[in-house]
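Chain nomenclature is as follows: A, B, C and D, assigned in order of appearance, with residue numbering initiated at 1 for each chain independently.
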Amino acid sequence: MGQAPKCFLGVNGMKANVKVMANFRVKENYYLMELQRPEVAKNARAGQFIHARCKDSKDPLLRRPFSIYSLDSDKGRIKILYEIKGMGTELLSKYKEGDFLDIMAPLGNGFNLEGNISSAILVGGGIGGAPLMALAESLKGRGINRIYFLVGAQSKDKLIPTVDFESLGVNVITATDDGSEGHRGYITDLLPMKLKESSEGCTVFACGPRPMLKAVAQICARKNIPCQLSLEEIISCGVGACQGCVCKVKDNDTETYHRVCLEGPVFDSGEVVWDV
Amino acid sequence: MSKINLSVDIAGIKMQNPVTTASGTFGFGLDYLDYFDVNQLGAVVTKTITINRRMGNPPPRIIETPSGLLNSIGLANPGIDEFIQSTLLDLEHIKAPIIVSIAGDTEEEYVELAERLDKVDKIAGIELNVSCPNVRMGGIQFGVCPEQVNRLTKASAAATQKPLIVKLTPNVTDIVEVACAAVEGGARSLSLINTLLGMSIDINKRKPVLANNVGGLAGPAIRPVAVRMVWQVAQAVDVPIIGVGGICDYRDALEFIMAGAASVGVGTWNFVNPTACVDIIEGLRCFCLEQGVKDINELVGCSWK
Amino acid sequence: MSKINLSVDIAGIKMQNPVTTASGTFGFGLDYLDYFDVNQLGAVVTKTITINRRMGNPPPRIIETPSGLLNSIGLANPGIDEFIQSTLLDLEHIKAPIIVSIAGDTEEEYVELAERLDKVDKIAGIELNVSCPNVRMGGIQFGVCPEQVNRLTKASAAATQKPLIVKLTPNVTDIVEVACAAVEGGARSLSLINTLLGMSIDINKRKPVLANNVGGLAGPAIRPVAVRMVWQVAQAVDVPIIGVGGICDYRDALEFIMAGAASVGVGTWNFVNPTACVDIIEGLRCFCLEQGVKDINELVGCSWK
Amino acid sequence: MGQAPKCFLGVNGMKANVKVMANFRVKENYYLMELQRPEVAKNARAGQFIHARCKDSKDPLLRRPFSIYSLDSDKGRIKILYEIKGMGTELLSKYKEGDFLDIMAPLGNGFNLEGNISSAILVGGGIGGAPLMALAESLKGRGINRIYFLVGAQSKDKLIPTVDFESLGVNVITATDDGSEGHRGYITDLLPMKLKESSEGCTVFACGPRPMLKAVAQICARKNIPCQLSLEEIISCGVGACQGCVCKVKDNDTETYHRVCLEGPVFDSGEVVWDV
């Protein structure tokens, strides 16, 4: 995948205290935060992330990474959709309109939309659906209108809200492990069928738990369909300095480690090595 | 505003201020270009390099602990060849002094690395990492044993004209003994501390969190241990010390300076605040101004002098 | 609700659950009576006592650090006479096993303390504090040297029939070596870790914060170091281990248990959450229930077994 | 001084999550917080303190001690007056009405009102004035009406608000180092004169910086007037377990250390050893 442009904001530009324009619960444990940050709203790409300092204390120590959920370059705003998991996200949920949040952004490479894409299938598991919204916006912006969003979760209440996808005209298909909404089973169960319906120029984009990504990769590999995956690892520096966030990839014929924060989080599915 | 001297001399390396980057937390000086002008630094200390390219340990390599960061990167680095052929070219535009950290599995490897770097003009100094706890064959064995540190330092010092800094591991009974052994061996400066050997267990998986089982603990959590060691060593040796361990702001940096460090290295906190180094430089300047300190060197070791 | 066994046997001391109080953080078991029923504990480990009454170090004795607490209490305690004549009477109504921590300036003092406590029925066990870093003549010298620990343990074991626990200091190069020396000397259990030697400097006064200059670092900050040491020692010795260092909740306790500790000691966190010990007991019970663990002893060392 | 009653609230009773009824800035860096806690409001004495966990994280690690500023046994409420100094007090200031705060209370011995007190001079420096308000309430409650509050600070904006004292009918006299309000100089400059005016049965109570307390102690000693001082030390456990908070006192003829959290914070001025 291509790397994020270096220095495009100039020295100091990528870290900023930005104004929280909104921050509210959308559903169960899912929250939406809107931030005023014109530089990022204009330049960032879908798949990139922000790295937020949830609290001005030493515990929790590290920043927390969140994918960009939506980019509004007119208003100069970006959104993130987040799920409360632990201390960091809990603290984030306490921010109020008008507060300032310390973020580094945009980080990572983002989805590659350079190829010949005529339709797209987005596969999201749990909160993994978040970056796919920005991706859908981006695809729409490029005139790609046939977009399917296959979204899965353990149960109905753990499905991310899909209304924004629907307003955009994305075709949303859901699955839950317990059948409480949509297909009963894994969302990847539905992928082969969707792929069959799809024509030439269809690309798959996925983000979610590793087992889901592996299944998506395997299905696409069998059908020889281009597929991009957004991976997760614990991110500390976010800029490629610490080598802490690596995942194993194939580089030509040798296996090596790439940094999720810099060479990723988006990888070609063929690159990723799936050893346990 | 009266002129305040922040510049320090570390083993002949002239730094415009005492703030350096701790090895392994700042890559090769290029990763933070989007955040501040790297030439404002006192010096850049690079990630440790080895003879051969190393992939490093399998992930997970990092886990957060209370006010700490446990890591087992495993000296992932491009190796000396690629460093000299490619990385060095990228470093050309950095004007701040560059100190290259090296580590080997054997004494011969250290010597070879020192020899090869000796020929590179661009490099201001060499830091011997004798303390990385992550690579089984590397660091830890050298760093915990005064005799080995002494021998290794002697051999490396013989291989280069460049200022030689030895970075000590805190995982020892008597840090002063090791420090003296390094100085006797020819270390012209000491850097301390490296990480404390630690571990975290995933109670759901019932296994260590890190693939490597153990890792090195860094961050604010270890600062009191680091300050203590600098305080002990500074009173025992005559070479300048680079104080490292949990430094977040200028106050932390001053603790190290007053404990006896002539220079400081910022590690983990770069990850939290990517402009930490320059914020600290500015903070030191303001402190000196407010307190009527004309030269920061006056403060070095003032807590016991 | 199926019955879950939380009871453990530490060197013959039967504890109804693995949770004890770390020496020096729970006084003599009476200070927390307003917060919970002390008889719910697995055992009470008392503040270290010495032959003579000690006033302890001058204040300041305590300073907070990131997720840590630096202290130099200096073994303030009433001395063995007052302990036996007065404190013991107050302890009569405590039914949980009481383990008394002792320290001396000389081997003879340890032996005398062990002998005197040997005669006291009320006491379930004796913990040798060979590791307190605060008293110049005490702790540190014994605890860092395997031979001394071995000799001291042998001498003390000869002086008492009671289960002897040796509490190790983490300020050593090789904790396994010291642990083995203690076991060879007759320790029937090991407790680890004591505090890490640390320091903090008041940058306005330009002096160490603690009147004693250095102090012992405790609290969540040191947990990864403690877990690592328990993990190393548990694989090397056959006696049960009491894991101590930064335990705040049942998850932390489980890290120690899975690393190989049969019992755990809660220290600094008592100060933050005075009901921490009982909260942890309850948390362990729930964890076992949820995970289908019938006997907590199954989890001891499961991260490497 | 007498010790706090043990176990008066029974097991577990001294730690509780209590409801914040109000929390607002009263002046500059001074905030007032009101807590619902009937057990404490009924039983606590002036001079005792609460030990609050300002944040559910490990940095800052320790609880923070605050003197009881006011006790309302009817409403079952207590108040604290606090000054923002660092991270702990900063966090405390963020609490909103309806939030819950984890406190241990009441701790410490409190002022001793058992002697024959006919009038009282309260001397407060900076935030040290806080416990003296509860003391004034207590004295009033015992029918002692001649109460003077000598309050000092570096400057006008650092004087604690005195309106509550005034409403109670306490005679307030101020001093500031820079003369921006009241007497220019130390508040202890005014003490000898006040003592001269006072009759038999006058007791002095003081809380504030150590140099001020020392001056108060010396003045009272010269005139042989009973004097109680509330001391400060860093408090960790708050219950006497850790021995961390000691101050040097004379016990008969020997010097020893007493715990500020348990044997204090209130000491007879004659007990305190003023070395260095």
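Everything that follows uses one rule, which is that a contact is a pair of C-beta atoms (placed from the backbone, for glycine too) under 8 Å apart; a residue touches a chain by one contact, two chains touch by 3 or more.
All of these numbers come straight from a predicted model, not from anything done at the bench.
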| item | value |
| --- | --- |
| Common touching chains of subunit D and subunit C | A, B |
| Farthest-lying chain, centroid of Cα atoms versus that of subunit C | A |
| Mean-CA-position distance for subunit D and subunit B (Å) | 47 |
| Chain centre separation in whole Å, for subunit D relative to subunit A (CA means) | 54 |
| Mean-CA-position distance for subunit B and subunit A (Å) | 35 |
| Multi-chain contact sites of subunit B, meaning residues that touch two or more partners | 66-68, 219-220 |
| Set of subunit A residues in contact with two or more other chains | 58-60 |
| Touch-based graph of the chains, sorted into line, ring, star, complete or other | complete |
| Of all residues in subunit A, those that touch subunit B in their complex | 6-7, 9, 11-15, 53, 58-63, 104, 233-234, 236-248, 256-257 |
| Residues of subunit C touching subunit A in the complex | 66-67, 220 |
| Residues of subunit D touching subunit A in the complex | 55, 57-60, 87 |
| Interface residues, subunit C side, partner subunit B - complex | 65-68, 70, 144, 171-174, 196-201, 203, 206-208, 213-215, 217, 219-225, 227-228, 231, 246, 251, 254-255, 258-259, 287, 299, 302-303 |
| Of subunit A, residues touching subunit C in the complex | 58-59 |
